[in-house]
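Just below sit the structures, each encoded as structure tokens.
Both complexes shown next keep chain A, but they swap its partner, so chain B is in the first and chain C is in the second.
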Partner chain A sequence: MDLFVQLFANGLVNGSHYALLGLAFALIFGTTRITHFAFGPVYALSAYGCWLSAEKFSAPLPLAIVAGIATGALAGALAYLVVYRPFERKGSPPLVILIASLGLFIVLENAIGVAFGTDTKVVPAPPSTVFLWGPLVVTGVQLAQVVMLALTGALLWLYVTRTRFGKALLAMTDSPDMARIVGIDTLRVSLVAFAVGSAIAAVPACLILVKDGATAHMGFIAVFMAFVAVVVGGVGSLRGAVAGGLALGLVESIGMAKIPTEWQNSIAFVVLFVVLLVRPTGLFGGR
Partner chain B sequence: MDYVLHVLVMVSLYAILATSFNLLIGYAGLFALSHAAFFGVGAYVTAILAAKLGIAFPWPLLAGIAVTAALGAAIALPALRIGGDYLVIVTLALQVILTAVLLNWTALTGGTDGIRAIPRVELFGFKLDTPGRFLPLAVVVAAICFAVAARLGASPFGRALKAMRENEAATQAIGKNIVAMKLSVFAIAAGLASVAGSLYAHYVTFVSAESFTIELTIYLLAMVILGGTGNLAGSLLGAFILAVLPELLKFVDMPPDIADKMRQIFYGLLLIVMLRLRPQGLLPESASAHHYNAPSERPPVDAPVAAAALEGRGLERRFGGIVAVSALDITIEPGRITGLIGPNGAGKTTAFNLLTGFLQPDRGEVRYRGRSLNDLKPHRIVRLGVARSFQDLKLFTGLSVLENVLVALPGQRGDHLAYVYFAPWVVRREEHHNLGRAMAILEFVGLGERAGELASDLSYADEKLLVVARLLATGAEALLFDEPLSGLAPNALAKVFPVFKRLAASGRTLCIIEHNLDVIRELCDRVVFLDEGRKLAEGTAEQLMRDPDLSRRYFR
Partner chain C sequence: MRRLQAAAALAALVVWAGAALGQAKDPKAYKIGAILAMSGQASFYGTVMSQGIKQAVEEINAKGGVNGIPLEAIFEDHKSGNAQEAVSAMNRLITINDVKLVMTSFTAPTQAIAPLADQHHILLVNGGGVANSLVGVSKYIFHIRSLAADLGRAAAIHANAMGAKKLAVLHWKNDAGDSVVRAVQPWWEKAGGTIVATEAVPQGATNMDTQIAKIRASNPDAIALWMFNPEVGLAVKRIRELGMKQPVIGIEYTANDAKIAGALGEGFLFVNDYFEPVPDQPWSLRFAQGYEQRFKSKPDFYAANYYEGVYLIAELLKRARPKGGDYLDAEVLKKALYENPKFDSVYGGQMTVQPNGVAFKRVGLFKVEGGQNKFQKFIEVK
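Here is the complex of A and B:
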């Protein structure tokens, strides 16, 4: 029983990480229908922004995380403006934009490697708080991962339900074509989706930096898990992406009672495979 | 010298990978990100069989093909029903899980150490242990692989793949089994990638997971895009350029790991720039010039056919809470033209979808020639003799006018890989005959002069004619046209009317959805009036038009 409680807690922690990634990816993918592979290296770039502020400019950790988030938002917005937007204006088919995003993926990933080297970056004095609640062991960073999901999710929810612009964003995740028809300024909405989505992804990036450190290649698995969370949850649904991410984390963690750790990602694959076979619209996708 | 030969060996291997990748992306339009994984499976199967079990070339290569082809088909399965982004994620997942297996199943794959000391190939007592000695084998195998891919691409099967790339629903509507096509092309592309992997393992004598990452897939993608999608010769060129060009970086003084990263940045930028400036690649896909080879004899197009009625009984279909079609009894008699009319949203297109298997009825039954069509896939129904067109045309715009018709001809043995590879003369003879049939159909609808043009270059009226020609080519006797005449000017209509009348006179079973009452009056022997999913009236055009209630509904 104690083991189960611990596994459940771990699953919730990792699930929160995936859920944030999924939420960020769903926001971008849902509003723009761009399969943004460079989401991965932009996520990595945020972690490096955070690391640079903490290591080179000796910023305190919270400030460094803010810097990381700003890095992500800027990089995401630039990716849209410089790479994707021109293709959209030309009316390129989705496949072409997808291939361009793979090109951007490999450019950014290697640029990070050239600029920062291939060693793992860690923040100078990572917080080492540990909470012991009965049988449960939770580190401060793990707790932060769950709290940040709740906080970010709540903020985003307020944004898309209470502000005019946020509502336009939500309308576009529901039906991009319809949004275009009713006259929503899709350039601005897309730009905001990229900036906000990348900023959201920067949160788990900074937390992973604090927890495990950052590498140039950390982006690939992030974009993969984000994509899986979105597909499992149901394309076009923000709530679905969060639920999908949490479900992935929990299944992985509970599965690990029986399966060695290094097969973790394979569990996500099995979940994806089963969901696509049984319920191709995703757990929460209506259409 | 060895260095140059080494680069040439790598060019040969990349040529195999790029051409097979192009089959998937450029021909079939299937965007799979698993090519490096297929390459890796081939390499590891060879490494395990050759290094651990001492099995000699070529058996590990053949085993690799079998394993990878099966894997390629299996992995595609869940994504086949939905396609698009789902295929991307499933193939990406294969890449992730393969890396996990290679790194973690240490007993089989050596884990992070990989597998070393893979025996070199020995042929006729020669050990192929230098690049110079390996090169002839690599070139010969690459040539064979290219021939396999090129034969596929140039066959009727390859043409059907391109049609599928242009439009999946329309490909089903001309009677092709697109699931089987996708599985076949996946298996072949994966098998070819595996051949490259097997050669690679023997050549480098060492394999590890780092050689088979997503970055390699993107590298191959850059070759395909640079060369030109849908053109296999382009992929050879792309492979050559991208394998040779980065070698020039060797002359720039920088640390090897930085050089490697700069190389990858270069590929990435190249991808983006090519897509912006020349998305069709250096060697663009070319429309074929088949029409020059057409035989002079033209089989008759409107020869009399045995007649049969298409019947729907008690058809019902709901979408959520909305009843799209309800209690619909409809009989489409042979030898005449039945018009299906009604206001927008009346359920006309849904009725077509139900009659042709694109939707399954919640209730009721569709019957043709004494058998039920319920639960049959659209392509099966087309082969049984019931075909339909689409309101939004769904032409294969990237194919020529002639190819749009050729691809739709029924019962092509060239659609079967066994004939394509093992009885090419049968396919060639059939193709020659089919060219005559296709030209006859095009001339019948008045598009004979346009045979060699791209379908995307046709005028709107000619597009509509091509839709008729393509549907006619399926050989089905019951033809359902969804608004075949809408938007046509009177002079264009005058060209099309006789086509429909001659088809009805030949005994075919015709149904058209139409809004223009003049057209209905001119063409239709019988008219069915639908509104809100129900049949409100049936009779001649004159009878229905006299009914004030119907006119009110129609013009409201």
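Here is the complex of A and C:
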């Protein structure tokens, strides 16, 4: 029972991480229909922005995290303007944009390695606080991962339901063509989707930097998990992405109670296959 | 008379041909290929290994090279363990660069290039791959890094001597990690202990909370980490963060691991090839000082392995050249090696290449104290 409680807590923490990634990826993909695989290195770049501010400019950690989020937003917006937008303007098919995205992934990942070196980057963080509740052990950073999901989710919900731009985002998620017909500036909304989505992804990136350190290659797993969370939750559904991420984290952790941990990496694929077979539209996908 | 002239000409030709065959075929430069993890998740290794090679090449060339011929290092990338990339790299080294001497790293890439080494008579020097399966993988391979299984056995010997009975294992799910599990488990059980948990993580894993939770639930006396950089640092950090106080012992702890673990790395024990630059070992000290001057960081044992690997190759070239002919042929170099299998080691003293191709070097137990790796004692692997 003690093990189950700990695994449940770990699952919730990991699930919150995946949910934030899923939310960010869903916002970009749902709005623009661009399979933004370069999401991975942009995520890594956010962590490096945070590291650079803390390590090189001695910024306090909260300020460094803000710098990391700003780095992510800027990098996401630039990725759209410099790489994807020219292809959109030419009317390139989605496959071409997908290939461009993979190319951008490789270029950015290598550029980070060349620019910052290949060692793991760590920030001078305060000693991690450990909370002991009976058999359960949770660190301060793990709690922050769960809290940031709640906070970011709430802020995004307020943004998309209470602001004009947010509503435009939702409208584009629903139907980009219809949004264009009713006069929504889809270019600006796409740009905002990339900036906001990348800023959201920067939050878990900075937390992982504090928790485990950052490497140039940290984005590969991130984009993969984000993609799985979105497909499991239902493409086009923001709450689906959150649910998909949480489900993925919990299954991945609790499932290991009886299964040897060497299978852990396969769990995400198993969940993906089962959902695609049983409910191809995902948990919250209606169409 | 004509017959006499023809016979004399033929005799002269035979003498000239004989001399030509016996004469050493010197290249313009001795090219040393190095197939390393220059990119990808484990590129830290490629960085330090290549730096060790560069330093050795620079030092040797500054003294006029080997046999008056300069060394030239050619770096290739196996992208952190990709066997296919390693084969392509080896083919490039052989066909484009005409390389006869190759330094290799990682288990899978080394296994993949071994048949090519046999086919083309290429000498392989491995300073990084640690799986048992590498022993004898090629007729011409020599290992100057202790095998992971031997290091694991040495770590288990120490854990046993500390009085631990229940051992929990966290290991890499690959050939290197599995080889240690296979070597240690029977030994540990024979010594009267039990393995209470064996949890696996893939190489490159960043999240091992589930594995550590299961290890915590198994309530071990000691925890063994059969894994390598950077997962060691991460594992130590997470084990301590989750409140576990048991001794943790491993088989590697690089500067990168130390950075990740931070203060939580205190007390971590690890067994490794003994490399410590101290004043009573002048070559070690000279290497460490030169390395810091060049690369602005302290050398670890991987840099040391590849550094001394170049010196080993240089020594073989010195020994083989007087034999004449195609002395870069791996068969000739191998013979030259076993004529006297003892070589000076930057670790101090000498290393001896055993008949199975694995160099016997000093294995030391280290403890992380005050952020430094403090040597504790030598351990003999029985």
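Assume the second predicted complex is superposed on the first by the 279 of 287 C-alpha atoms of A that agree within 3 Å, B and C clash if a C-alpha of one lies under 4 Å from a C-alpha of the other, contacts with A are read in each partner's own complex, and residues count from 1 in each chain.
To be clear about the criterion, a residue touches a chain if its C-beta (ideal position, glycine included) is under 8 Å from a C-beta of that chain, and two chains touch if they have at least 3 such contacts.
It should be emphasised that the depicted structure is a prediction, and the values quoted were computed from it without experimental measurement.
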Field: Partners on chain A (chain B, chain C) - clash or fit
entry: clash
Query: Does the superposition put A:I106 against chain B (first), chain C (second), both, or neither?
result: first
Message: Contacts for A:N14 in the overlay, against chain B (first) and chain C (second): which applies, first, second, both or neither?
response: second
- request: Classify the contacts of A:V83 with the two partner chains as first (chain B alone), second (chain C alone), both, or neither.
  value: first
Query: If you stack the two complexes on chain A, which partner ends up touching A:F273: first (chain B), second (chain C), both, or neither?
result: first
Task: Pick one for A:V96: touches chain B only (first), chain C only (second), both, or neither.
output: first
Task: Considering only the touch criterion stated at the top, classify A:V228 as touching first (chain B), second (chain C), both, or neither.
output: first
Task: Classify the contacts of A:T186 with the two partner chains as first (chain B alone), second (chain C alone), both, or neither.
output: neither
Query: After superposition on the shared chain, which partner residues are touched by A:T215: those of chain B (first), chain C (second), both, or neither?
result: second
Message: On the A-aligned overlay, A:T139 touches which partner chain: chain B = first, chain C = second, or both, or neither?
response: second
When the two complexes are fitted on chain A, the stretch of chain C hitting chain B, from 110-118, 236-244, 290-298 or 326-334: 110-118
Message: Based on the A-chain superposition described above, do chain B and chain C contact any of the same residues on chain A, and if so which?
response: 110, 113, 118, 221, 260, 262, 265
Field: Residues of chain A defined as touching chain C within the complex
entry: 2-3, 6-7, 10, 13-14, 110, 113, 117-120, 122, 127-128, 130, 132, 137, 139, 208, 212-213, 215, 217-218, 221, 252-253, 256-257, 260-262, 264-265
Query: For chain A, which residues are in contact with chain B within the complex?
result: 35, 83, 86-87, 90, 92, 94-96, 98-100, 102-107, 109-111, 113-114, 118, 220-221, 224, 227-228, 231, 235, 260, 262-263, 265-266, 268-269, 272-273, 276-277, 280
- request: Can you check the complex and tell me which residues of chain C touch chain A?
  value: 39-41, 43-44, 46-47, 173, 199-202, 204, 206-207, 209-211, 213-214, 216-217, 230, 233-234, 237, 241-243, 256, 259-260, 262-263
Message: Give the list of chain B residues in touch with chain A in this complex.
response: 29, 31, 33, 77-79, 81-82, 84-86, 88-90, 92-94, 96-97, 100-101, 103-104, 214-215, 218, 221-222, 225, 257-258, 261-262, 264-265, 267-272, 275-276, 279
